[in-house]
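As written, the chains take the letters A, B, C and D, and residue 1 is the first residue of each chain.
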């Protein structure tokens, strides 16, 4: 199995919980967003406070947690959105 | 039967057809708007070109042609409205 | 309340009239005179009104809207006289605590205004002719509830 | 297209962006920061965004609206940073040949923006505290079509 590097971004309250706005994680690819969530919750102490099923985006598109993640992708965890 | 005097107003295209903006007609009261229409179409040459069933208002309220008209009322004949 | 004006409609003034700290949503509608190239071009529309009745009718329809959407704040301006193409003939602003009421009340006012305001349009064509606008399909007789 | 701004939203500029001679109806929506006396008063909201994705998402949702209401012209502005109470955080203008499309397209854009834009609010209370706004009842996971 190959290993990919994924750029992770946290926003708003999640950035406060994680204590950072970005990080990079290595995952076995092909992976899913759910794999990245698990990885991040284990790797970053504050990220354990993120929900197990957060709203997520891959490469700036809303996705479900079973969406595929590949090497070089940008995965963002988004608190419930409240625009407008 | 009593006789009442009704103020009649014409607007827009109807004023052009009637050749005037206002007139006064005498009608046997109690009358209806339809009575006033008939009276006006007979009394004013150009008003014969008005529809037999025009949109009408009595004292600045839209009414049907069977609405009552009394002495001193203002009856207006309104071309199809096109506001906005 | 000055509903009728012969000056250009200023949207920011309409919005300021309805603004309030408890209102989170404001819906504005502008009806503008549009060109009609298929008719050889329209340079403007001359609006005339049965002014006192137009004001009375607007009072009534705004009262209806305020009853139906109680926390909604409304402002309306209808322009009379010559309105050149692309300028607004009517402006409506509705502000409400929540956006659904703002949209619905604003829509209600324009729909009722179109049906009920004793206002007429004379279309000024590019070739110099002028034509009364007779809204197609509008019944000649409308009762108090808009029924023929 | 500059959708995001840190300056006050200028309604007349939004309207000018969508104005066109073939458009007879323009619908504008403004979302404004409202006070909440029951929460001890709100002085403003600090808006933050995943900016690049907010722009991409607005591109997508405006493309959807233009496909659904083909002759409609749309402009959107979302303000970021501190927005004081009573000022607009979002402004949308939709102009169309006929008013139904203008209203519907404008409503579509605000509804989708609320669901999809990666933008967050921190409410600034009169007592000096600040609170992330977590829209009640919003599912934690939203799929591409807004389904959980």
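Heads up, the rule we're going with is that a contact is a pair of C-beta atoms (placed from the backbone, for glycine too) under 8 Å apart; a residue touches a chain by one contact, two chains touch by 3 or more.
Everything quoted here is computed from the prediction, not taken from an experiment.
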| item | value |
| --- | --- |
| Chains in simultaneous contact with chain A and chain B | none |
Chain D omitted: connectivity of the other chains: A | B, C
| item | value |
| --- | --- |
| Separation of chain B from chain C, taking each centre as the mean of its C-alpha atoms, in whole Å | 26 |
| Whole-Å separation of chain centres (CA-atom averages), chain A against chain C | 50 |
| Residues within chain D bordering two or more other chains | 31, 110 |
| Every chain pair in contact, whichever chains are involved | A-D, B-C, C-D |
| Touching residues on chain A, where the partner in the complex is chain D | 9, 11-13, 51, 53-57, 60-65, 76, 78-84 |
| Chain C partner contacts - residues on chain D that touch it in the complex | 11-12, 15, 19-35, 85-86, 88, 97, 99, 102-103, 106-107, 110 |
| Residues of chain C touching chain B in the complex | 31, 47-50, 52-54, 56-57, 78, 89-90, 110, 113-122, 132-135, 138, 140-144 |
